[in-house]
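What follows is a group of structures, each given as structure tokens.
There are two complexes below, and they share chain A, which is joined by chain B in the first and by chain C in the second.
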Partner chain A sequence: MNRSLPFEVFRYAAISLALAVTLVPTLWMASMAFKPIAEWSAAGADLTWWPKNPTLDNFRFIFGTSTSDLIVALDRTAGKPILSSLLSAVFGTLIAMGCGTAAAYGLSRFGSGKNLPLALIQLRLFPPMAVMIPVMIMWAFLGLVDSWWGLALIYGIVTLPFAFWLMKTFFDDMPREIEDAALVEGCSRSRVFMKITLPMMRPALASSALFVFILNWSDYLIALLLTTREWVTIPVYMASLSSSMTGQLYGAKAALGLIAAVPPVIMGIAIQRHLVRGLTFGALKQ
Partner chain B sequence: MTAIHLENLVKRFGAFTALKTMDLEIRDGEFMALLGPSGCGKSTTMNMIAGMENPSEGRILFDGKDMNGVAMGRRGVGFVFQNYAIFTHMNVYDNLAYGLRMRRLPESEVDGRVRKTADFLQLGPLLKQPSAKLSVNILQRLAIGRSAIVEPAIFLLDEPLSNVDAAFRAVMRTELKHLQRQFRQTMVYVTHDQLEAMTMADRIAVMDHGVLQQVGTPLEVYNNPDNLFVAGFIGAPGMNLLKGELADCDRGLVVDLGALGRSAPLDPALAAAARANGTRDVVYGFRPERVSLAASGEGMMMPVVFVERIGARTIVHLGPDGQRIKAVFDNDVAVEAGVSVAVAVEPGSVRLFDAATGQCIREA
Partner chain C sequence: MTSLATPEKVSMADLAQGDSPQAEDGGRRLGFLLTLPAQVLVLFIAVFPLLVQLYISLTDWSPLDGIGWWQAYELWNGFANYTDLMADSRFWSALGRTALVMAICVPAEFLLGLGLAILFMDDFVGKRVFYSIMLIPMMVVPAVAGYMFFMLFQSGGPVNDILSSLTGMDVSIAWLSNPTTALIAVMIADIWQWTPLMFLILLAGLVGVPEDQVRAATLLGASWWQRFRTIVLPKMKTIIVIALAIRVIENFKIFDTLYIMTGGGPGVATETISVYIYKVTQQDLIWGYVAAIALVILVALSILVSLAISRMNAGKEA
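After this line comes the complex of A and B, so read on.
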């Protein structure tokens, strides 16, 4: 396509700006994670992009093995919060995807009208804060407070409408003929779903699961209200990385932030092929 | 190997009637084409035979057995979809094997039949390939193979050739016919392409606006269309249709074609039928290939509007506005746009239609 020069300049400027906004803070965090205390705490005095004396002290600190020149003692290490985040986000995603996919398939194939799907997505518009206090009371009553399974359950419930809506659009886009072709061969409806529909939906399932996982993984509010000590998650733990003596422990926070970025990045790379390709039903000519 | 009987079949979608009271008998082992323009109800009819849609009224009988309420998987039909509906997450082999495995055949027999079908459709070298990236022509064969491999008693094809290129379409027309001859299934073939219907079908059911217009062998519907729609739809180009009025003259009954003058006298039998029919307003129809150049002073003088030389033949567009006709001549015919020529219609080839009802006027 032939575009004019001013347009091309504008296009690249816009892309550069978007990249700068997202990448500069991330790179800054990555750099800070490897800086010793003297460098990250020297606010404004001597800003360097590259750590002058790179160190793993920040990582050692949050895992409680060495505190070199940090005189703060942590009351707990990052290990348990990472485990808590992983368990609650993974199982929350499984709940949301399992229920969401089943509901989406049913409503996409057999549902009539559009009020029910719309009602479901409207749950997403409800601010979580408005329901969290009642949920806290319920979870306390059920003994689910401060447990990863209690968190996983509420994560699954909160992200269910999102998973449902994503999967429903994918199911709506899948041509019915493919299922009809299997049904006409004598395949039962449930078998069609398991053997034909779900395998063909793998790219859709993967990308939806990634979005749901990221929502759960980055939650702060719910974990803050529903965990107290034993099963706090990474974001809640990160907020606690400060002390009256040192203020915010930016080096430690950056190290933890870098670790927290790993699972979504790994998942993203693993399903990149699907994300890029999107949904292509190669064999179908519309 | 099953006869299909459609009995007073009606299909409504809400307020819209897709199919109005269809009666059709498809014989055992017959190749029946359902032919008509988009939205004529042919696909709806097919979907009801397959069991994907339930009729609003009427019955579908397979060998006299009512199929109402029988799940599509239990009807013993094979279905080839217009968009092929290939299982893209499987390779070619697994696509072909799918129906056999659903019937729980031993894997050794599955393998044998997959290879046999693959050889027949020239898919042999592709068996291990993922099906997602195959070309349209291959997908088309695969779709036919996947349905044919279980040797269904009834084979339903929904516009299977509409997406493939012209050269391959010609190849597939002969192959499909060959396939059907070999297995003698009852085949129902939906198409909007009259050439496909003419070349392959034993009989053609022409449909329009949810109404069955005519059923007959390709030559029957071509030579003796029941009404104006069939006359115009079958044939490329379709039948020439000129409005006119019956008039008596000393040589017999003729059709007064207004500015074009009068037609040659009608055959005595056709003239008798026209008189018996009563109406004077008729449509004068004749096939483009039944037109010949005449000596000037004879036939109808018509201006040549446009000359299409398509190789084997030449299609000449003739006539004033509102009375346009087409004539098919030899490829080297010496006519040019702008001149006027005299044309004559072969006497026995004239068909008359009642202008009010559109029905063909025939000897009783």
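After this line comes the complex of A and C, so read on.
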């Protein structure tokens, strides 16, 4: 639109500022994760942007290896919360993608379940906090509280709208000629779906699944309400890491935060082509 | 290329199916089977919880009462929870605070996102890398983002350090302990995390504006601002509405970053509606009352949304 020199200068200046603001919080945490305890809360003139004496002690500490400086006894290590986050997010993604893909295909090809698009948008609309009381009652009744499978079930339901809408737009975009040709050849509908449609949709399935996984992995509130001890996820564990006894365990929390933050950032950048479609429920394709 | 989804394309296959009722039947059965799991999940999470919510909300039930939720009728109190709610000043101020956060964060995210999107419209060296970096904040787990900003806003932390070197004075604001600055801090965290979402969506919209119209207007001597206002903005209308709607809906739910940063404090200075409900649920444990609050919010939101949808439809026809 505009290519004058002052504009170019302004553009790079503005973008540099935006990049700095974007990166500083993340880099501060990354740097904190490698700082020894003496540098954790050094303030004023002693404040260090990069660790002076970089160490892996924070990571060793959260995984239960005692270190010389940190003589705080952890009642549990980060291993189980990481496992809990992984299991609940992976199986939640499988539930959402399984039900969502099937329903999206049913609607896109056979016009079944016409109520679903709106019903699922409404599901997304309401604050989770406003429906959690009955969910907590139901989960307690079904014995699903404080388990990764209970979390996986609610994650699957909460992210079903995204899985459904994403896959629906992908199915709507897919040319039907290939399916029709196979039908003429005498394949059954379900065989066409399994043997032709799904393999063709592999890239779409992969990016939708990653998108849904990021959402599940990012949850804090639901895990806070539905897990108590055994299967707390990373964010819940992280919040419980410091107490009045130990004070703020800055470095340890930063190390854990880094572990939690890196996978979704990499996945998100990998699927950035489809992010707009996912975030707008397929209303906007890029 | 960006395009708005077109509802239900009619292809030759649809017409062909209409000719053979047998194939149509088989398709319908398969379609029913395929949509069944999703339907079951929706019913499971919509109908039963809503009934339980309504039932509990008419009682004084708490999980500490020692009786099951199905026996809550023993603690029946009619509409007392609802009348209490009307007089609950903490509820209303939490609601007002949520509206305030929304009224500041969403426009700020929109304007910053739009500005950045305009800068990213045409090609320049480094665009792809910068674009990927710009998206990072929205991919960071919100609870972790909350913890990042908790560290940044410590009185001996980097924010004060930067302010000190910018002003040349020794700045040591205890951001999260002062009611006003704590609210500012949580809003900054929200704006940091969600401006990229506005940027991403608005950029997709800007790129989708037909170039030939813009070029024609340029030849006719229209200034940048004229082109932007008369050609680009009208074409972007739907996309802007979608982007704003997404942020309004999500911002209303604000919890993770805020709760990690301040826990709603100091006092109730950053207590938004989700934080308030969470505290009543976990600390006061009056679930009957929480159910009433939740239902009021659900009903109010449903009315607002159907109003919005009918207005949008009316706008489309006009």
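We take it that the second predicted complex is superposed on the first by the 228 of 286 C-alpha atoms of A that agree within 3 Å, B and C clash if a C-alpha of one lies under 4 Å from a C-alpha of the other, contacts with A are read in each partner's own complex, and residues count from 1 in each chain.
Definition applied: contacts are C-beta pairs under 8 Å (C-beta built on N, C-alpha and C of every residue); 3 or more make two chains touch, one makes a residue touch a chain.
The model shown is predicted, which means the values in this text are computed figures rather than measured ones.
Novice: Looking at the overlay, what does A:R11 touch: chain B (first), chain C (second), both, or neither?
Specialist: Only chain C; A:R11 stays clear of chain B.
Novice: Of the two partner chains, chain B (first) and chain C (second), which one does A:D180 touch, if any: first, second, both, or neither?
Specialist: both
Novice: Would you sort A:M194 into first (chain B), second (chain C), both or neither based on which partner it touches?
Specialist: Touch partners of A:M194: none, neither chain B nor chain C.
Novice: Would you check which partner chain A:R202 touches, where first means chain B only, second means chain C only, and both and neither mean what they say?
Specialist: First partner only, chain B.
Novice: With both complexes overlaid on chain A, does A:A38 touch chain B (first), chain C (second), both or neither?
Specialist: neither
Novice: Tell me which of chain B and chain C touches more residues of chain A.
Specialist: C
Novice: Following superposition on chain A, which residues of chain A contact chain B and also contact chain C?
Specialist: Chain A residues touching both partners: 177, 180, 183, 188, 280, 282-286.
Novice: Flag every residue of chain A that touches chain B in the complex, lowest number first.
Specialist: Where chain A meets chain B, its residues are 175, 177-178, 180-188, 196, 199-200, 202, 280-286.
Novice: Residues of chain A touching chain C in their complex?
Specialist: Of all residues in chain A, those touching chain C are 1-3, 8, 11-12, 14-15, 18-19, 21-26, 28-29, 32, 41-44, 47, 49, 98-100, 102-103, 105-107, 109-113, 116, 119-120, 122-138, 141, 156-157, 160, 164, 169, 172, 176-177, 179-180, 183, 188-190, 193, 214, 217-218, 220-221, 224-225, 234-235, 238-239, 250, 253-254, 257, 260-261, 264-265, 267-269, 272, 275-276, 279-280, 282-286.
Novice: If you look only at chain B, which of its residues touch chain A in the complex?
Specialist: For this pair, the touching residues of chain B are 50-52, 71-75, 77-79, 81-89, 98-99, 102-103, 131-134, 136, 139, 146, 150, 163.
Novice: Can you list the chain C residues touching chain A in their complex?
Specialist: Answer in residue numbers: 1-5, 9, 11-13, 16, 23, 26-28, 30-35, 37-39, 41-42, 44-46, 48-50, 52-53, 56, 69, 115-116, 119, 121-122, 124, 130-145, 147-149, 151-152, 154-158, 161, 170, 172, 192, 196-197, 200-201, 204-205, 214, 224, 227, 239, 242-243, 246, 249, 252-253, 255-256, 259-260, 273-274, 277-278, 281-282, 287, 290-291, 293-295, 297-298, 301-302, 305.
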